[in-house]
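Shared chain: chain A. Partners: chain B in the first complex, chain C in the second.
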Partner chain A sequence: MYKRPFFWIVLAVIAAFVLVPGISGDVGLRESLLLGAVYIVLASNLNLMIGYTGYVNFGNIAFFGLGGYIGMYLVTALHWSVWLASAVAGASVSLFALLLGLGILRLRGAYFALATIGINEAVKAAVSNFSPFGGASGMYLSFSSFAPLGGPRHALWIIYFAIVVLMGASLLLSLAIKNSKFGLGLFAIREDEDAAIVLGVRAPWYKSAIFALSAFLPAMVGTLYFFKNGVILPEQAFDLTLSIEAIVMLMLGGQGTIFGAAFGAFVYEQFRGFLLVSPLFSQFQLVVAGILLLAIVLFLPGGFMGWVYRKLPRLRKVLE
Partner chain B sequence: MSELLKVSEVGKNFGGVRAVHAVSFHIDEGEIFGLIGPNGAGKTTLFNLINGVIRPDAGRIVFRGQDITGLPPYRVVRLGLARTHQIVKPLNDMTVLDNVTVGACFGAANLALKAARPAAREVLKLVNLDNRADQLAGELNIAGKKRLEIARAVAARPALLLLDETLAGLNPTEVTHMIAVVRRLRDEYGIAILMIEHLMQVIMDLSDRILVLNFGEMLAEGPPAEIANNTAVIEAYLGDPDLAHKILGTA
Partner chain C sequence: MYDLVASLASGVLVGAIYGLAAIGLSLIFGVMKVINLTHGAMIALGMFALYFFVSVLGFNPYVSLLPIVAGGFVVGVMVYWIAVNRVIGSSDLMSLLATFAMNMIIIGVGTALWTTSPYNVDFSLPGISWHGYTIPGTQIVAAALAIVIAGLLYVFLYHTRTGKAVRAVASNRQAAELMGIPTRRILAIAFGLGIAVAGAAGALIATLFPFTILSGGSYELKSFVVTVLGGLGNPAGALAGGILLGLIEGGVAPFVDVSWTPVIEFSLFVLILIAFPAGLFRIGKNH
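Entry: the complex of A and B
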């Protein structure tokens, strides 16, 4: 894998994410990049489902939220270290997705998409009424939880770096899958599931495996993100809007392309930041997202990178 | 010659329709076996029953001594029984080479990705698609897609290949080429073939034995000459009593 140019591009991006705010010490820039990194994780893992396998998961944010909840519970109630909590949250949400996938991935197309919306809402309702997780009032971190990381000021930087590392891991995971036999099987399922099965692709297992895999890193990042915030609430953790925005990011950058997923997420985050602070658009941020999605689907179904790769096919070899 | 596939008393109903009823036959290694019958006779349904796309209501299917009745298609192909579709199913947004690589990776060959690509290229040469390897499968014309369909199935390295109307919709030159491919598959690769075909001249010429289906039931089974002279077959399917002589050139 290290022979591929993209591997080195990922390392360079990680270095830029670490060094630029790290050297300048600019906290505002760090917060903006942190959100960008979280979105890149969400979009590129969603890409494994939508872009690689052809299954639209509207409930992708449930992995992020559930990971956040499990991690926060382990940190606040059981006083685990945030790193162990994050890893365990990733593993347990993956397992949950695997079992769920074996059931709902029998559905195809729009029926699967509808089921995933239902799952997000069901998980949200369950968590809101689950008292160990704080019910509707959520969970709060005490200040002392930051102590093992050298106090709050220090901890925020460390958490930021950790999220950047998980962002790099997401991109490399996408790359590794794309260039594997497993990935080839997924693409075959995306193109024609019945044909893939006849050719020997064990589709039920493949779909569940990728569903579980696509849950792992978002769940880990969920723990870190809500740990950084110091609070987790059902409305934030299972925000269906963010699920849909993740789809917009992916479509914008180009579904199926690794670079596109990351690029779309980053650009969308910057763009959203601009809209939210502009006096004219601050109330219409989602309207703009909706129009954007409509325009992409109508005029640029391959997204930005899909268009670029069509114009410059050689670039695909470098970036994918 | 040893027995490769044995189908015994297989049946399938769709609601009140008896699509396939009590069909039995066997195929030996290296044999080309023809399956003919009027439209709606249950030929494609029989294919679907054999490779596991649908489960039979009755009967048993044994392949290489193993009971494969009701096994899902991805298990059946792994055991060495591949098929093509009457209505081609190319993986449109993937290259021709990747399409065939899927066959090589997941079929009976079960190759690693690295070994699968050269194997896929070799199969593409066999069907004369090697100059299209990097094109998207969706861009091929119908003849190209039919060849791709065969290439994908052959890349799986099957012992038995089910061909569902591979020649339909091809022009005479393409038909001639395809017949040569089918012969090579048997003679050079040792692949037994079960083929559905409507071109009588071709099926009589290629097949070692032929099975005739009508309304889901077996009408006759035997060598081509016998089938062509069978009165029941002529009435149900061939229509013209003199056709046998025309085809076999024994006027």
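Entry: the complex of A and C
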């Protein structure tokens, strides 16, 4: 894998995410990049389902939210360290996705998309009623939870670096899958599932595996993100809008491409930040984002990378 | 005992309106295999249209249904030509995203115009009292009107030339095109009808409960549940599915806290989707 130019590009991006705010010490920049890194994790793991396998997971945010909840519970109620909590949250949400996938991945196309919306809502409603998770009023961290990381100021930097590492892991995971036999099987399922099965791709197993895999890193990031915020509420954790925004990011950059997913997520985050503070557009942030999405869907369904590949076919080997 | 009966009766009445809302979603899916994510926004627009006619212009709420249905049809046809026409026949993702983009635009404009604070249409009718429980008259009239509108849609689909063309396109678009049916125009009409029905459902809901521009979202989710109960793309089943959902809501209301209802609803939704992708009711499904 390290022979591929894209591997080194990923490393350079991680280095930039670490060094630029690290050296300048700019907290505002760090917060903006942190949100960008979270979006990149969401978009590139969603890409494994939509771009690689052709299954539209509308409820992808359920993994992030559930991971956040499990992690926060382990940290606040059981006083685990945030790292262990994050890993356990990732593993348990993955297991949940694996079991869930065995059921709902039998559905195809629009039926699958609808089922994922239903699951996100069901999980959100269940968590809102689950008293160990604080029900509708959520869970709050006490100030002392940051102590093991050297106090709040220090902790925020450490969490940021950890999220950047997970972002790098997401990109490398996408790259590794793309260049594996497993990845080829997924692409075959995307193109024609029945034909793939006839040719010996064990589609049910492949689909469940990628569904579980695509849940792991978002759940880990969920724990870190809500730990950093110090509070988790059902409405934020299972926000269907963010779920769909993740799809917008993917479409913006170009579904199926790793660079596209990351680039789309980063640009969308910057664009959203710009709209929110701009006096002219702050009222119309949703409208502008909607028009942008509609324009991409209608006129540029391959997204940014689709356009780049058409203009410069050679870049296909470099920006995967 | 009385509280269960009253709760079930109220559930059936509200369920008829859920059914009407879901018919709009189901019709569009049945004809063009598009899951219309503008559905919730259209329900919300129906609510605000009712507010405009009743509280600003002083119309009777039930008379205002006529302009709301007509306006909904026009808006639906416009949305079809702007956002849906180009993505018909491409992947599911594209039509989901195109309609979701329209949803964002409508909700964004609506939020700028009306903010997200609640609105209320002041209107009441004498209700029926029974053992200390009162069912408001508005609920009874709204449920009756929901069934009437659903019936009119049925008459249109089965007994008019255009309606038959809509069904022909739904069952086989290529064959319909070969028979000389202008399928694009029929798709636009079907989309317009779906939106008109959603708007009417929104208007009826607005006679019962307070609402905000975001209220449509929860009815959109309920419509998904209902269409899955009734069978995706099967409008007749949608009404039955709506009443069933209302019965479920009414049946569990006296026993569990109201915040558990969505858990039950959505779990049921996913289970039914997996076990019976064609829906529980296959009434009137002849394609």
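Here are some notes:
Note that the second predicted complex is superposed on the first by the 320 of 320 C-alpha atoms of A that agree within 3 Å, B and C clash if a C-alpha of one lies under 4 Å from a C-alpha of the other, contacts with A are read in each partner's own complex, and residues count from 1 in each chain.
In this section, a contact is a pair of C-beta atoms (placed from the backbone, for glycine too) under 8 Å apart; a residue touches a chain by one contact, two chains touch by 3 or more.
Note that the structure is predicted; figures quoted are calculated from it, not measured.
The superposed arrangement places chain B and chain C next to each other on chain A without a clash. When the two complexes are overlaid on their common chain A, residue A:62 makes contact with neither chain B nor chain C.
Touch criterion met: A:104 reaches chain C, while chain B stays clear of it. In the superposition on chain A, contact is made by A:136 with chain C only, not with chain B. When both complexes are overlaid on chain A, the residue A:285 reaches chain C alone and has no touch with chain B. In the superposed model, more residues of chain A are touched by C than by the other of chain B and chain C. Looking at the shared chain after the overlay, A:237 reaches neither chain B nor chain C. Using the contact criterion defined above for the overlaid structures, shared-chain residue A:169 touches neither chain B nor chain C, since it reaches no partner.
When the shared chain is aligned, chain C comes close enough to touch A:114, but chain B does not.
Once chain A of one complex is fitted onto chain A of the other, the partner contacts of A:192 are limited to chain B, with no touch recorded for chain C.
With the two structures brought together on chain A, the opening angle seen from the C-alpha centre of chain A toward chain B and chain C is 80°, to the nearest 10. Contacts of A:294 after superposition on the shared chain: chain C is touched, whereas chain B is not. Between chain B and chain C, the shortest distance over C-alpha atoms in the superposed arrangement works out to 13 Å.
Chain A meets chain B in the complex at residues 179-181, 184-185, 187-188, 190-192, 194-203.
Remark: chain C residues 29, 33, 35, 82-83, 86-87, 90-94, 96-98, 100-105, 107-109, 111-112, 221, 224-225, 228, 232, 257, 259-260, 262-263, 266-267, 269-270, 273-274, 277 touch chain A in the complex. On the chain B side of its complex with chain A, the touching residues are 51, 53, 72-74, 77-78, 83, 85, 89-94, 98, 101-103, 105-108, 110, 112-113, 116, 152-153, 156. Residues 50, 54, 56, 58, 103-104, 106-107, 109-111, 113-115, 117-119, 121-122, 124-126, 128-129, 136, 244, 247-248, 251, 255, 283-291, 293-294, 297-298, 301 of chain A are the ones that touch chain C when the two sit in their complex.
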